[in-house]
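Remarks on the structure that follows.
To keep things simple, chains are lettered A, B, C and D as they appear, and every chain counts its residues starting from 1.
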Amino acid sequence: MNTACLFADWDPKPGFRLGPKDIEGQLTYLGSRVWRNPRIKYVEKEVPKPGPTEVLIEVKACGICGSDVHMYRAEPDGYIFYPGLTAFPCTLGHEFAGEVVDAGPLAINKRTGKNYKAGEPVCSEEMIWCSVCRPCADGYPNHCERLQELGFSIDGAYAKYIKVDGRYVWSLEELRNVYGDEKAFLLGSLVEPTSVAYNAVIERGGGIRAGDNVVILGGGPVGILACAVLRRSGAAAVIISEPSRRRREMALALGATHAIDPKEVNAADAVLEITKGMGAKLILEATGMPSVVWPDVERIIWEGRTLNSTVVIVARADDRIPVNGEVFQVRRAQVVGAQGHSGHGTFPRVITSMATGMDVSCVITKKIGLDEVEENLKLLNTNPTEVKVTLIPS
Amino acid sequence: MNTACLFADWDPKPGFRLGPKDIEGQLTYLGSRVWRNPRIKYVEKEVPKPGPTEVLIEVKACGICGSDVHMYRAEPDGYIFYPGLTAFPCTLGHEFAGEVVDAGPLAINKRTGKNYKAGEPVCSEEMIWCSVCRPCADGYPNHCERLQELGFSIDGAYAKYIKVDGRYVWSLEELRNVYGDEKAFLLGSLVEPTSVAYNAVIERGGGIRAGDNVVILGGGPVGILACAVLRRSGAAAVIISEPSRRRREMALALGATHAIDPKEVNAADAVLEITKGMGAKLILEATGMPSVVWPDVERIIWEGRTLNSTVVIVARADDRIPVNGEVFQVRRAQVVGAQGHSGHGTFPRVITSMATGMDVSCVITKKIGLDEVEENLKLLNTNPTEVKVTLIPS
Amino acid sequence: MNTACLFADWDPKPGFRLGPKDIEGQLTYLGSRVWRNPRIKYVEKEVPKPGPTEVLIEVKACGICGSDVHMYRAEPDGYIFYPGLTAFPCTLGHEFAGEVVDAGPLAINKRTGKNYKAGEPVCSEEMIWCSVCRPCADGYPNHCERLQELGFSIDGAYAKYIKVDGRYVWSLEELRNVYGDEKAFLLGSLVEPTSVAYNAVIERGGGIRAGDNVVILGGGPVGILACAVLRRSGAAAVIISEPSRRRREMALALGATHAIDPKEVNAADAVLEITKGMGAKLILEATGMPSVVWPDVERIIWEGRTLNSTVVIVARADDRIPVNGEVFQVRRAQVVGAQGHSGHGTFPRVITSMATGMDVSCVITKKIGLDEVEENLKLLNTNPTEVKVTLIPS
Amino acid sequence: MNTACLFADWDPKPGFRLGPKDIEGQLTYLGSRVWRNPRIKYVEKEVPKPGPTEVLIEVKACGICGSDVHMYRAEPDGYIFYPGLTAFPCTLGHEFAGEVVDAGPLAINKRTGKNYKAGEPVCSEEMIWCSVCRPCADGYPNHCERLQELGFSIDGAYAKYIKVDGRYVWSLEELRNVYGDEKAFLLGSLVEPTSVAYNAVIERGGGIRAGDNVVILGGGPVGILACAVLRRSGAAAVIISEPSRRRREMALALGATHAIDPKEVNAADAVLEITKGMGAKLILEATGMPSVVWPDVERIIWEGRTLNSTVVIVARADDRIPVNGEVFQVRRAQVVGAQGHSGHGTFPRVITSMATGMDVSCVITKKIGLDEVEENLKLLNTNPTEVKVTLIPS
C-alpha cells in the first residue's frame, strides 16, 4: 500500500544529550533538537498484520493536524519545528476514522465487550499509553511515562491501512446509525481533535454550569471545536477571539455566540461589554501566544464580576506567562494546563455528543487524496485559509 | 390591597409536642400534625412598608405550587396535607416575579452592587435563610437552621404587593432586555421552580458531562423543568417517564428527547432500549413514589453499562426506599437527597440561561386572577391537566 | 511447590443459567449458585514461569480474607457461601507480599519505570482488570467488565510462589527501607485490605477535611483499617461500633478515638453524645447487616447537626436497606457504594502512608504455616477472636 | 477603655482617584496610595454597646499580624506600606479571642442555635462580609463586594472590649473544655491565621489524600500553620523551606517532617531528594517573593513524578510570576490564588482540630501588654526572631 511518510536526518544539535528514553538514530522526545531536513516520501509498504490484541483498519478519512505541519516544517537551519516525541521515518496521520477489516483474537470492542468484527466503523486515540506505569495505573493515560504516539513515533494513517491495538480504538457505530457511512467517517476523523478540546475545557477546566460565560482565545481547530463543546454544555455567552474571518464564521456556525477580531477591538473590552461586566467562568488559551493575550486574560478576570474563573492553557508555547498572583487571589481564580485526549470517558462522550446533534463536520474545509499530502502540508504552513484539510485515501 | 390568605385552626393531633422552634398557636414545623380545616379567605391588608434592607415589589405573576395545593387540601379528618413549616393565617404564593416599587436605603441590588431603584424587574427566593447559623455560614442556605418560608410562614405573593429582604431578591433585567416586560415576568415566576430542578440535578446531582444520558421519573413542573436544564447542559438522551400525555408533550417541547408512558411500557426496559444498553448517568426521582419506581431505578443502574450513576431524590415522600447496596457497589453508584433552590449561584445561572435561549414559559398552561385562586387550588388537587397555573394579580 | 487449593464440584442449583461470561464446568460469576462441597487440598504444583510482562514472586506473607473463609464455608445443602466470581480448583490467597525472583523482559516496575529486577519487595492488586474495556479505559478498573481475581479465578498466593502481570504489582521498597524485611512483608500483605478501606472512605466516600467526625460500623479488618486511614486523614472523632472487645481495642490502637459496644449502648445515642450533637461527615457501613444498623445511621444524620454526611456501603449484603429519602434531602446527605482497591492512586498512597507512620501491623494477630490453612479457615468461620490470620509460607 | 489606635493623614499621592467605594478623608481600598505618617496613639474610648445582632467581647488575647506591622510601617516618603482597605483612625487588632460579656437579643450563637449568653468563649472572623452581594449569596464570603475588615476599617481588638456582629463569631467552648481558659484564648487568637492557612491548602488547594507530599515555601505564621494543617491531613512528607532557624524548628515541632534552609541548599534539589524523585502534590507559596522561588516550584513539578500538583499562592506580592505553561500541561498541574478565611466550614473545623490534638500554641513566642503594642510593631518590622507576638490586654 502507498503511504505518506516523513523522513529526516538524525543530526543532533550541539549540546544535545540522548535522553533516558531516547534511542540513538531512531527516537527522541525532543524532535526539534535532533531531526533535520524533513521531507515527505510516498513509500510503498506491506499491509500490516494485526497482532493478537490489534485491529487492522482501512482508513476512510484522516485530518491534517498542526503537528503534522510542524514536523514537516524546517527552520532556516534545517531542523524541524516540532519539538516533541518523534521517530523517523514514520507514516504521518493520527486524526483518522476507518473500518475494521481484520482483528486479532484478543482485540476487544469496547462497544460490545466482545471481539472486534470486520465492518465496525472506528476511530482511535493517538496516545499509545502503556496501561502499566504509575500515571496509567492511577488513571492519567495522557501523562503515561512510556508514551508512544501514532503518526509520530509509530506508523500513522496517511495510508490505506493502519493497525492499532484494540485498547485505543472506539466504535463509531452511533455515528453511522445517524449519519450514514461517509459522514460518520468524516466526523470520526474529528473525534480526536474534538477530544483534545473536550479534555481541555471539561476534564481539565472543570467544565461549566449552564448559564456561565466562556471565552476562547484562538480559532484553530481546537478553539473552534471547544466552542461547540461549551455551547453544548450550556454556556450562555461563548465568545471567540480570532483574527481570521473564515474561522470566526465557522466558530459562530458551531456554537460561538460572539466572535471578535482582536486586530479590531480589544478582547477584554469586548468580553466585558458583551457580558455586561460579568466576565467569564472559563477562558481557553488556544493561540499559542499566551504572553501576548495575558493582559486581556487578567483584565477579564480582574474587572469581570465572575469569581472562580479558570484559565486553561491548551496550546503549546515556550513563552513565560507573566502571571499576577494577586489577580488569582482576589478573584478566586486558577490556571491549569491541558494535554491529550485519552481517558476520563472523553472519546465516548464526544462520539455520543456528535451522534446527538453536535455536528462539527463543517470544520473540514478541504478534502484531498494521498498524493496531495505534501503540498497541503506546505500550504497549511503559510496560509490560514483552510481550517481542517482531510485526506480521503481511497 | 386584596390578598388570598390561608386560614386554619391550631388543633394539634394527640401526641403532638411543640417543637423547639414551634410557637404555640402560630407556627409549626409539622403542619399536617397541627392545622385543621384549611380555607382560603380574600383579605384586605395594608400595603406593607419596606424596612431598611427590604424592597416592596408589585407582583406581576405568581405560580401556584404543589405545596400551595397541599396546604389547602384537607385530609378526611380535616388536617391539612402539607407536612412542613407553616404559620397561619398567611398569604400564600412564593413563585413570583414583579417590579420594585419602593426600597429601604440599605437594600442592595446584586446586579448593580448599589441600592435598589423603583422599576427593577425582580424575582425572589422563597427560602428566608438567616445568613448567621452554621449551615448558612458554611455555605448551605437551603439547610438554614432558622429558616422561614415566603408564602408558608411569612406573607407571600397572592397579592398586589409583597415585601422581601433584598438578600433574597434577584434582578430580571436580563429577561426584560430579551423578552420584554410581560414574558420577563412570566419567566421570572418560573425561576424559583426551575432553580429547584437546577439545584437537584446540577448542584446536588453533580451535573453531567456533554454526552451523558439522563432519566427523569415524573413530569410535574420540577421534572419537566429538569429536562430543560439537562438538555441545556449537554445530555445526549433525556428520557422522561410520565403518565400524562400533555406533560410528556411539554417535556418533549422543553428538552426531553424521549418521553415514555409508564402505564404502557416498563421504564427500565424503555431506557435500556433507547440508550442501547448504556443506562443513565443521572436519574431524577420526581414522582414522590420512590418505592414504586425503585425497581426500575435499580435495573437501569444494574443492567445499564454506565458507571457512576447518581440518583437524585427531589420529590418529598414518606416511603422507605428498598435500596440494594450491592447495586450501588458494583455499579459505583450513589443516591443523594436534594432540597431547596438557594445559594451556589443557582438563581443567577437559571436567569441567564433563560435569557439565552432556555425559554420554559410554555410550562404555564393557565393564567388566572386573584379571585380565582381558591377554585384553582381545588382543581389542581384533583385534575392533572394543567401543568402550571399562574396568577396575574393586576 | 506445595499449594493450598480449593476444590468444589460444579453442580448448578435448579434454575441456574450460565451467564455470558461463565464457562461451563470451570468459571462462574455466581459461586454460591454452582459450587458444592468445597474442600482444601494441599497440591504440589510446578513453579510457574513468568510470561513477558509477568513477574514471579516468592510469597513472604499472605493474609486470610473473609472471602477465603466464605469460599471454604459450605451451607447445609453443601453449596459454598461466597456468591461471586470463582473458578475451581484454585490456589487461594490474595492479600500477599513477597520478593520478585524472576521477571519477564517487558514487566515494568512502577517505582523505577524500568524492568523488574530480582529482589524487589512487592505486593499486588487482587483485581485483574483488563485495561481495555470501557470502564478500564475511562479510569474505573474496579469495575472492569472482564475482571479476573487472583486467588478466586486465578491461582493465588497460598503457595511458595505466585506469578502476576507486572501491571498489578507495587513495590514495597519504601516499607523495607523503614521497617526492614520481615515487617515490610507483613505490612505489605495488609496493603490490599487497607486499600479496600482507603478506596471506600477516600475515593468513594469523598474523604474528609481535618476536623470532621466519622463513624465506622463494624470492626472487621476493613473497618479497623478504615479507622487508621481516617485518623491519619485528620478526623476529629473516629467512632467505631463493634461488639468484640478485642477488635474495639485494636481499632483504638490504630486510630479510633472512641469504641462502642452496640450490644451495650445504642450507637446513634453514643455518637450524638460523643460528638455533642454534631453527628458525622462520613459513616462507613462495614457490618454486612445494613438494614440492622440503618435506623442508627439515619438517626445520626437526622439528629446530628453535620450536613453533607456520606454513608459508604463497603460490606457486601443481600439486604434491602430501608432508606428514608427525606433524611437525605433535609440533611443534604448521600449514600454511595464502594467496591475494590485498584486505581485512583490508592495502592501507592497506602504504601507511603504505612512508610511514614501508619503502622497497622498489629492487625495480624496470628501467623501460620501453609499446612495450617485449612484449620484456620474453619476456625475463622466460627470464632471472631482473631482479626487477621497471616500465612508465612517458608 | 484604653485602645491602641492607628492614626494617619489622608494625603493622596498625585494621580490617586477616589474609588467607587472609597469615602473622602475616611476610607480607601488602596491604603498605601493615600495614608501618610502613621502613628499609634493610646486612646481612651467608650466601651461599645452591642446592637441587636451584635455581641460585646472582652478581649483575652490578640495576635499581631503582619498586616498590622505593614499599616504602621512608613515608607521613606511617609506613606504606609499596607496597600489595602483601611479607614483611620482605627483600633488595630483582628486575631483575637475573648469572652462574651453582653449580646443583643438577636445575636445567635452558632454552637447552640440560640442567643449568645455572657461567658461564652469566642473568636471572630476578620472579614465583615455583607451576606447580600452576589459573591456572598453564591457562597464566597472571602470575595464579598462590600467587604469591611475588623481592625482595618472598623475598630479592632487592641482594646479591652470589642463588639462584633454575631454572624462572624465562633464559640471556643470546645477549646475551653479541653485546655482550660488561658490556653483556650491563646489558641483562639490563632484560629484566624490558622484558617487562612486552612483555606489556602484545603479549600483552595483542594486538600490532599493521605500519603501525598507537600512543600511549604516560607515559614511565616501562615506557612508554619499550614504545616500543622497538612500533617494533620495525612501528608507523608511536609517539607518547609525557610531561612530562619527558629521558624524551621517551630515548623518541625508543629508537623513539618523536613525543614530546609534555602540559603544553604537548593529547595528543588532538596525536595526531589527527600521525596526520592516524587515531588509534591501541593506547593504553598507563602514567601511573598513568588518570582524568586518560581524556578524551584517548576522544577519540583517538572522533575518530580507526581502529577496533578497544585501551587497555591497565599502570600500577597506585586511580582509577575514567569509561568511556563508547558510545565503545567505536561505535568497536569495548576496554580490557584487563595484569599481569606471565612466560609466553607473552615473556622469550625480549625477549632475542632485544635480541640482534638492540633495544638499550635507554641507559635506564640511573646506575650505583651497593651502599652507595648507600638514598640512591638516596630520590632516586628525589623527583626524576624519572634513568630507571633500576642497581646494579653488585661
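Here is the rule we go by: a contact is a pair of C-beta atoms (placed from the backbone, for glycine too) under 8 Å apart; a residue touches a chain by one contact, two chains touch by 3 or more.
This structure is a prediction, so every number in the text was calculated from the model and none was measured.
Colleague: Looking only at C-beta pairs in contact, point me to the busier pair out of A-D and C-D.
Modeller: Comparing A-D with C-D, the pair joined by more C-beta contacts is A-D.
Colleague: Rounded to a whole Å, what is the gap between the Cα centroids of subunit C and subunit D?
Modeller: 42
Colleague: Just how far, in Å, is the C-alpha centre of subunit D from the one of subunit B?
Modeller: From the centre of subunit B to the centre of subunit D is 40 Å.
Colleague: Give the residues of subunit B touching no fewer than two other chains, as numbers and ranges.
Modeller: In subunit B, residues 134, 138, 145, 345, 348 touch at least two other chains, as defined above.
Colleague: What kind of graph do the touching chains make: line, ring, star, complete, other?
Modeller: Contact pattern: complete, every chain touching every other.
Colleague: Residues of subunit C touching subunit D in their complex?
Modeller: Touch list, subunit C to subunit D: 198, 202, 207, 209-212, 229, 232-234, 236-237, 257, 345, 348-353, 355-356, 358.
Colleague: Give the list of subunit D residues in touch with subunit B in this complex.
Modeller: Touching subunit B from subunit D are residues 53, 108, 110, 113, 130-134, 137-139, 145-146, 166-167, 343-345, 347-348.
Colleague: Give every residue of subunit D touching subunit A within the complex, in rising order.
Modeller: 134-135, 138, 140, 142-143, 145, 204, 285, 290, 305, 307-308, 313-314, 316-339
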